[in-house]
Amino acid sequence: MSIDLQEVIARIRADYGAMRCKLMEVCGTHTNAIRRAGIHRQLPAGIRLLSGPGCPVCVTGSGYIEQAISLSREPGLVIASFGDLLRVPGNSGSLAEARAAGAKVRVVYAPQDAVALAEQHPDAQIVFLAVGFETTAPAIALAVRAAAAAGLANFSILPSLKVLEPAMRSLLAGGGLQIDGLIAPGHLGVITGAAGYAFLPREYRLPTVVTGFRPAELWLGIAALLKQIAKGESRLENMYPQAVTEQGNLAARELMAAVFAPEDAEWRGLGTVSGSGLGLAQAYRDYDARCKFGLAEIASREPAGCRCGEILLGRAEPEECPHFDAACTPEHPVGPCMVSAEGSCAAHFYYRSRGGEG
Amino acid sequence: MNGKIRLAEGGGGEATASLIRELFWSRFRHPQLLRGNDAAVLEHAGGRLALTTDAFVVTPWRFPGGDIGRLAIAGTVNDLTMMGAAALGLTAAFIIEEGFDKSDLEQIAASMAAAAAEAGVDLVAGDTKVVRKGEADGIFITTTGVGTIAPGVRLGGELARPGDRVLVTGTLGDHGAAILLAREELGLSGALQSDVAPLNRLLLPLVGEYPGAIRVLRDPTRGGLATTLNEIARQSGVAIRLREAAIPVRPEVRGLTELLGLDPLYLANEGKALLVVAPEAADAILAALRRQPRGSRAAEVGEVLAGNAGLVSLVTASGGERIIPLGSGEQLPRIC
Amino acid sequence: MCLAVPGEVVAIEGNKAKVSFSGVFRSVDLSLVAGVKVGDYVLVHAGCAIQVVPPDEARETIQLFSEVFGDDEH
Amino acid sequence: MNGKIRLAEGGGGEATASLIRELFWSRFRHPQLLRGNDAAVLEHAGGRLALTTDAFVVTPWRFPGGDIGRLAIAGTVNDLTMMGAAALGLTAAFIIEEGFDKSDLEQIAASMAAAAAEAGVDLVAGDTKVVRKGEADGIFITTTGVGTIAPGVRLGGELARPGDRVLVTGTLGDHGAAILLAREELGLSGALQSDVAPLNRLLLPLVGEYPGAIRVLRDPTRGGLATTLNEIARQSGVAIRLREAAIPVRPEVRGLTELLGLDPLYLANEGKALLVVAPEAADAILAALRRQPRGSRAAEVGEVLAGNAGLVSLVTASGGERIIPLGSGEQLPRIC
Amino acid sequence: MSIDLQEVIARIRADYGAMRCKLMEVCGTHTNAIRRAGIHRQLPAGIRLLSGPGCPVCVTGSGYIEQAISLSREPGLVIASFGDLLRVPGNSGSLAEARAAGAKVRVVYAPQDAVALAEQHPDAQIVFLAVGFETTAPAIALAVRAAAAAGLANFSILPSLKVLEPAMRSLLAGGGLQIDGLIAPGHLGVITGAAGYAFLPREYRLPTVVTGFRPAELWLGIAALLKQIAKGESRLENMYPQAVTEQGNLAARELMAAVFAPEDAEWRGLGTVSGSGLGLAQAYRDYDARCKFGLAEIASREPAGCRCGEILLGRAEPEECPHFDAACTPEHPVGPCMVSAEGSCAAHFYYRSRGGEG
Amino acid sequence: MCLAVPGEVVAIEGNKAKVSFSGVFRSVDLSLVAGVKVGDYVLVHAGCAIQVVPPDEARETIQLFSEVFGDDEH
């Protein structure tokens, strides 16, 4: 048994050809997968897809990057980071630029690889840049726990971990976010469970569908969402049950609860959202680079004219920014939404048709 | 020009192109340099000569399926081949870091010799420099090739025309994936191998056999197929549309790129070529390629279109369409 | 938010598995998923298995499609 | 081969020669490579081509009188010139360390352009690679040149004959001394300048004018006059005897070498040539050299002798005689 | 007024053509200057020139080099050295080879440049390899004093300084050294004064002439020495009065006395000679790398078959060594006499005539 | 034993001199030689002046030669 995706798409186009609505995804990997599959161009013209605050790189404040850069200049200190963070502009430049100027910045695939780096280089201080949402936080918690178990005095993390729910609430509370349905992040749901999204239809009457990332899964999620909207429903539907259970990964959530503690966090575009971040729990404070190196907080300064904040909220499209494709390109990004290939601006830059698609 | 050189400016994408434009094209005005092909073509009394140079700095220098020595020979033979040129001779200049193992150097020399023999080309001049410990990353090799172009042969990135077909000689991304696999810091392993190989014996006979029908020959190295097609689309003032389903990619390469969030179209190839050919000759050329071992997985992957000059796009397996932009430098593994 | 990829467990040692992604292998931490055996598929994010998934995920999707479309309102 | 590469093995002396023999000559058997001249000569349908390559790794990259860009152009133009070849085109491959100043890169490109204009040659192809911070020493440039050799021209290190005279086109050791001066760690200063310059306009007309009379043309770069003469003596199977009093050395170079315990005959030159010429033409060639600004301090410094094949000696100012051996690598300042 | 050196040489050849004698110089710079001027080939055949233990590089034991190499491998430690020491073989290899394997070894022109290095790199430990005779010791004493005055905690020296007189006495005492005259080192004499050589004719009846280094100065010294020998005299003659005074450089000698204290020293070929070395005086012990890094003494191991020891004593000629120009060349030196261009073996290798001169 | 070279003092600052070796300059320590003035020649070893020497050293040599040969025994 297999699906003829062309037939599915044709049917959706037929069924919802006249519909006018805005759907939002809040996951960078969704943004990217949708663009890569070319789904934008296949949707009926009245259906718009917005990209919300779901790329950890995009929502990280420039002050955090700046802290990392200033740390990276310490002699004997090595920054370990996920690759996509390297090109994010801070206030004074990116980590890639700091590296070009001599700072030691190593790209790792997994947080535990940064712990291994610390074991291999006992004379260096390794600081891992801990960015991510609930999906990534457990992997980082495992790394911190492993470092603690090994008694490593030369490993720490610079936390900028985020939790989705408070941010979604803050977004929706204002009423400024006008969307008709939400494509909920599939992999985050693996940890939180589908139940983690239940507040959206329940409290905000937002039709919400959890989906995966393959083209068929995305079309499935969109179809389900459009159907709800058409029917005037607002339910939580889990269209990715192969991976997302009702309650999610309990072991992961327990580990997070043991290693991390909620703290306020700054989101680019949203400002500071109370309880939306994860710091280290008291027992693991020795592994917090902010304490260990006495780092002062650095205020974020968004580049002049950059509209990333509004774009993350679905209040503006990248093309409405005066810098888009002028001063700001993936080559020379001004704002963070242009940095990651999943940032809304980069996605628009790369995947727009020159013939017109926005 | 202000600021400092970034790694991305050596990645072969837009950053490299704009660095080269600003730095060199503004000062060196030779028409061959400005053309941006794999090799320069020089006219002289005895006919046309192709001249090409490349610095090889691959890290690690040894990788599954090859090493920097094989790469340096194959890379230069291939750049000559892409101009339809038969090598007259190659040169190699070595920059070696103090403390490099002599036995490793021997292995590199041996694999250069083996690659040269495989291609049937000669190394005719060389140079060896040693720099202090810490002032190079083990070994760098710059190879330069000079070749002769037979009368009547005319190839170039500027010659693609609407209606032409785009062929590739085999699976894409193998070299780039093998290098990522070889980088210890990513903790990957597997049987995946670089495709590094000289292509002159595969392609030069075809160039002779289909005069005029083969418009463009390119080796999609740094920056991969995506970058190379963008260059051709710009040089020829055409659009190019690929069909995702037709592009041959090994499962291991697919697995690795999915794991790291990369795109095989941007990974380097060192033993593949792409051909832009006249539509009427496409099937014959494809069949001829497939008869050779190095071309057994050749495929027609797209076509050249009029309008939208410079645009490369791809029709996805699910029928969508997306732009394939010029890459932007360093391929960084992504978490998200 | 969060690239995760399914891979096949080919060996297990303690809480680490060797996982194959179509023939490319990486060491993956199994601490967060219980009862994984060789031959299972796990969803891997940042070096951690976060879920055991069925080998043929597409089947579920097909099933769900027929549910969505099987509904005859349109 | 065991052990690790030492800096001395890039010094251009005996260590470099034996490394190259063991590593490359054993594997690459092209007769031109084995000849060991400044450039390879390739015969093809259209006549003879000269091909030469060199990697430039000079530290610091900027020095009194020039920079690595000027050096890279002049060095390659000169190696072609030494074969009597007029440049058809040059290629340049850059390896740049991440973080290198773009304004410095611009200056290097500008001085390459200026040197190319001075020599009247074209850069026709290039390549740019960027390596990670700490994996190169700022910038390395490999230039390769291809040139045409006029019919009848025959030059080579193997052509010196007993009775021939040895000329130099000017003062010796200026480049090597300028580099030592530029190295901060030695704490030296002064007005001394590198001689780096293209010599094609000085020498190619003479090659045309004195066919057969000029046997050998060489640029005594790495390893200096001493090393180059040793190579010629070996290649031709002759002895060479210099007269110390006749060798032009600037007072500053003399001062610097005495201070550091070095010998100007082993210091690099980058804008000088040595000529081995038939005795009957020596005076005319010397006079012709002296009429040019770049040859105003040309001198006859020695002669070619039969017997003692490979031996280079020098008659001292005080009438003694000593052997001038092939240098042994890195020039280290001495205390004693 | 000028000399016609050719005439001088002709006269010496005429006057002493029939003479048979052995002259020794004990200064590497003399060895080198004599070879470079080609004097060997111009002397009458019966007059032989021997090179004694006067090149600091040649007389330094392989154990010392080995200590330096083991130090050079310490992380964060930088060895600063005169250039000629880099190629001297220790027991396991040379400093140049250690550098090729990653050790930080910097060549300096002056000992004070090593102090400057310490000031510029406060995070590194700089160890200067203090080799030399009385000529060099004052410059090293100035460096140590400067480091002490600046309170530099990251500078030290590894001492292997030597004093000529005890070594000459030990040589001559055995009666094994059969020479007819000594060419005394001119620059060492600048420090010690001509008086420093007076014991040689006085106690050992050795004709002794202090000379400079230019060809004319060397010929002058040789002429004076031959004249003494011919006349059966044994006097001290100072033929370099432009530079060498009777009492030498008192300021330098006082400084040496303040900074250094005599100790026993190992000479390659001579073994340990009591009181022939200079260690640091009590007040400067903090600057002794041996104490600072707790270095164990390493026994010297001369390469098998190397006859450097005998050659330094004038008891053998380089050509009598089985390794000479076979296993042992300046390119691949076996013994220290081949390493420095001034070492006896290297001098013979480089400056011998292939026609026969030894 | 000990390469030393004469150079001309072209400037003095404290106990350091700028010394010219035929036009190449190096900073030289003067602590061990008293009363040096600009224009003097000093003998320099390892960055230290160890002696003041006459500008024309050759004169002394010539003088001494005539003494050695002036002796008429041969």
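Letters A, B, C, D, E and F mark the chains in the order given here, with residues in each chain numbered from 1 onward.
To be clear about the criterion, a contact is a pair of C-beta atoms (placed from the backbone, for glycine too) under 8 Å apart; a residue touches a chain by one contact, two chains touch by 3 or more.
Bear in mind that the values here come from a model prediction, so they are computed numbers and not experimental data.
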- For the copies subunit B and subunit D, the interface residues, called same if over half of the numbers are used by both and different if under half, are same
- Sorted by contact pairs, first entry is B-D
- Farthest CA centroid from subunit F: chain C
- Task: Calculate how many whole Å lie between the centre of subunit C and the centre of subunit E, each centre taken as the average of the chain's C-alpha atoms.
- Result: 74
- Query: Taking each chain's centre as the mean of its CA atoms, how far is subunit C from subunit F in angstrom?
  - Reply: 83
- Message: Measuring centre to centre with CA averages, how many angstrom lie between subunit A and subunit B?
- Response: 34
- Query: So, what's the distance in Å between the C-alpha centres of subunit F and subunit B?
  - Reply: 63
- Residues of subunit C that touch at least two other chains are 1-3, 26, 45-47
- For subunit D, residues contacting two or more additional chains: 4-8, 98-99, 132, 134, 186-187, 261, 334-336
- Query: Among the residues of subunit A, which ones contact at least 2 other chains?
  - Reply: 28-29, 55-56, 82, 99-101, 109-110, 113, 132, 136, 216
- Note on the structure: In the complex, the residues of subunit D that touch subunit E are 4-8, 13-15, 18, 185-187, 260-261, 308, 311, 313, 315-323, 325, 328-330, 332-336
- Going by the contact rule at the top, pick out the subunit F residues touching subunit D in the complex. 1-3, 5, 7, 20-27, 44-47
- Message: Quick check: in the complex, which residue numbers of subunit A touch subunit D?
- Response: 99-102
- subunit A residues touching subunit B - in the complex, by the definition given at the top: 5-6, 9, 28-29, 35-42, 55-57, 82-84, 86-87, 96-97, 99-101, 106-110, 113, 131-132, 136, 215-216, 219, 329-331, 340-342, 349-355
- Message: Under the definition above, what is the set of subunit B residues touching subunit C in their complex?
- Response: 177, 181, 186-192, 251-252, 254-256, 258-259, 261, 334-336
